[in-house]
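When the chains are written out, they are named A, B, C and D in that same order, and each has its own residue count from 1.
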Amino acid sequence: MNKVVANSEDAIRDVPDGSTIMIGGFGLCGIPENLIRALARKGTKNLTTISNNVGVDGYGMGLLLAAGQIHRHIGSYVGENKLLEQMVLEKKIDLELAPQGTFSERIRAGGAGIPAFFTPTGFGTIVADNKETRDFDGRMYVMEHALKADFAFVKAWKGDKWGNLVYRKTARNFNPMMATAAKITIAEVEYLVEVGEIDPDLVHTPGIYVKRIFQGEQYERRIERKTVRPVVGC
Amino acid sequence: MEIIAKDLEANDQRPTTMSKPAKDLDKRERIVKRIARELRDGFYVNLGIGMPTLVANHVPSGIQVVLQSENGMLGIGPYPIEGQEDPDLINAGKETVSEMPGTSYFSSTDSFAMIRGGHIDLSVLGAMEVDEEGSIANWTIPGKMIKGMGGAMDLVASARRVIVAMEHTTREGQPKILKKCTLPLTGSKVVDTIVTEMAYIRVTPTGLVLEEIAVALTFDDVQRATEARLIPSPTLRTMEA
Amino acid sequence: MNKVVANSEDAIRDVPDGSTIMIGGFGLCGIPENLIRALARKGTKNLTTISNNVGVDGYGMGLLLAAGQIHRHIGSYVGENKLLEQMVLEKKIDLELAPQGTFSERIRAGGAGIPAFFTPTGFGTIVADNKETRDFDGRMYVMEHALKADFAFVKAWKGDKWGNLVYRKTARNFNPMMATAAKITIAEVEYLVEVGEIDPDLVHTPGIYVKRIFQGEQYERRIERKTVRPVVGC
Amino acid sequence: MEIIAKDLEANDQRPTTMSKPAKDLDKRERIVKRIARELRDGFYVNLGIGMPTLVANHVPSGIQVVLQSENGMLGIGPYPIEGQEDPDLINAGKETVSEMPGTSYFSSTDSFAMIRGGHIDLSVLGAMEVDEEGSIANWTIPGKMIKGMGGAMDLVASARRVIVAMEHTTREGQPKILKKCTLPLTGSKVVDTIVTEMAYIRVTPTGLVLEEIAVALTFDDVQRATEARLIPSPTLRTMEA
């Protein structure tokens, strides 16, 4: 069983134009930054990306956006990208927005063999337009469908050579579910360790979901909104 | 679905304390203080981006509440001390935060399972419009700018109690509490309470019941600033500061 | 915030006759044994129990069964209870069996605000009788409904006073999901620790789901099938 | 739904090595050895209770497979050494087991999400009946005893490949490979391969293709013990031991 690849370039060697790719992270927190940079360098085109956000202008997925690599995006919040806004208005990109809980549950469903489920979220709003709605026990729900992808790019704090992953703090976010919902899941980690070094009770993503793993070349881990308080007081 | 929206107060993710003029700050302070009095010991609470976040500064002494962040955290603490900020530790507004004793982290999917499953005692969030049925609009203005709804639709649909925290009227003085929302909804018939600098209003099946009025204002003052008809509560009283 | 109760008796003080109770564990592994014993002592009647198994004759949920406290049971495997078999044949108990994955997903759905979902499991079998079936992308699925309960009895290895729980090895099983799906979740733990003693990245069940917690009086942790190999060889 | 079933081979949770006569043991040994040859490096495999469990003893050297247990474990190791058994560490047959380096634990819900999501490369399980469409019955005999289906229905519905491991006929010599199953199904059209002590059979859209025959047996021998019609493979060969 050999899942370890040399680097980000090797990890994405066979990602073709037109792929659907899930990309972990919330804002810039927990994004697979090395894989994104590699994909920008490779110049793969015509991508459908599935990610909660689209980075910021000039960083993270903003790189792919600026390079015109993204044809269609599915997410829940894109407020940090002036460029995206412009591209949507100019119809250079298709954008599908979903409530964040529906978005995350659709990904979980994709990985868990559930083709569709009912949620109360969005009933009575435009999110429910053209969707099946239904009464269960006197409350109305909207039917939503699973999301799947060809590739998932996820970022973990630590991973072993069999792909068992551990995330750190809120950098976990969408990574664990995306890892389950793609044909080929590629994990980049800050620390690649030997099999057996991770406590089996503390594994967040079991290795079964990970096809390729490598230690990221460089972690900038950029902070989007640095908010601090004075050392004295508070 | 393609969505066009304008820069929204509810989605404005700049720390409000740094970007609002002093008069607004005072209004906001009164709103969040009043809402903080609704907190109960042991509550698990989600505070929306912007003004609602400030409720955390006024938790009554002697009670413990746990703040949830929909990006996967229970137990949000204050902003970190300079130099201790951690890129892996942010709130739903993407601000660096700290953790409290008893914190737990989980995936976004688990976080929204928690929200949708009705486990959040209280959700406080901003709004552009609320109407007399308790419907709320806070995420988009068609034809303007693109942002996305984030987690707000899930929160309003499933939190046990939803409180809207907002200024009573727009900057231009137009009512924000309407007979019927005109903007695309975030949730239909979901709001329980509306707290503004002018009033504390309960949404009931028969309409909006005015429970409290800010000091020095009359029922008519509030009604004039409100498009929806207000029903004076039998126990109508002055809002505590 | 005070969730700590003195003991198992105190924890179940208000469980009325006719309650629906989820009980964690797989076989005898990870069962809330103190809560079960307390419920047997209390003699609460007419219960609907939701649990993968029903213990064994004379131990675990077998105690409740023998005392005639269970009126109806929903689970997936009951092969260890001769008594149950007899009671079903004599129509002294209602038994609903579900595929284990459907059973566990229904509980997860109950806790996650999903009233119904589609699964491929059981399509074309009697499990799908009288249920809605549906084609998604050329494959047939069965619609299944969420399960909820009045109470959930769960057992963890370690827990803090705010109800954050950590499970150990395969004793995790159904406990985490059941903790989310009841009005009142009661957790018993082998080690009750102070708030802040559990690493926030390693919490399996966040305290939000737990209303009451206590350190179990006595852990027998009985083994159902002891299988070993010789020290030499193999 | 009320279910009545008989003591089933597939659900018999006693370690088979301790309860079967020697002749059966020899048959079973041949079956599980043949199935073990289907394993590939990196496979994640679920082995059903009873005979399928024994496949683990014959993993070809030089390859690594990870065994899944539907009660929430990847990385099942051998039975523990006497005195090291742990009540918190059991397999789906409720037997005490050990863990391997690289093991992970997870909830039953996560385990069946894994199974239902199609992440298990291979599921091996016993059967009372299999038919020419690949339908399988292994969990109940109406009017007899009550056990329950456990996880078998999820496994047959969603594992990437399903291999049935069973003796070719009942103790009374009656065929178990039928034109159509008579017992309530565990899964409809789900089996890929049937391995018995007599044959290795592939389920195809046009019927059951006999790929391998046990040494010293003829096609007619196998057909006589099989109710369904067998199609000889163009590459029909002798089963390797």
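In this text, contacts are C-beta pairs under 8 Å (C-beta built on N, C-alpha and C of every residue); 3 or more make two chains touch, one makes a residue touch a chain.
What you see is a predicted model, and the numbers here were worked out from it, not measured in a lab.
The greater number of contacting C-beta pairs, out of the two interfaces A-D and C-D, is seen for C-D. The geometric centre of chain B is 37 Å away from that of chain C, both derived from CA atoms.
Chain D has its Cα centroid 28 Å from the Cα centroid of chain C.
Look at where the CA atoms of chain B average out and do the same for chain D: the two points lie 55 Å apart.
Chain contacts: chain D has residues 99, 105-106, 113, 115-116, 158 touching two or more partner chains. Among all residues of chain C, those that touch two or more other chains are 105, 108, 112-114, 119-120, 167-169, 172, 200-201. Chain contacts here follow an irregular pattern that is not a line, a ring, a star or a complete set.
Screening every pair of chains for touch gives A-B, A-C, A-D, B-C, C-D.
Residue ranges on chain B touching chain C, taken from their complex, read 41-42, 44, 64, 66, 68, 74-75, 99, 101-106, 113-120, 158. The touching residues of chain C, counted against chain D in their complex, run 26-30, 52, 75-79, 84-85, 88-89, 94-102, 104-105, 107-108, 119-127, 129, 157, 167-177, 204, 221-231, 234.
In the complex of the two chains, the chain C residues touching chain B come out as 1-3, 108, 110-114, 160, 162, 164, 180, 195-196, 198, 200-201, 203, 206-209.
Contact residues on chain A toward chain C in their complex (touch as defined above): 105, 109, 112-120, 136-137, 139, 141, 145, 166-169, 172, 200-202. The residues of chain D lying in touch with chain C in their complex are 1-4, 11, 13-15, 69-73, 78-91, 93-97, 99, 105-109, 111-113, 115-116, 135, 145-154, 157-158, 184-189.
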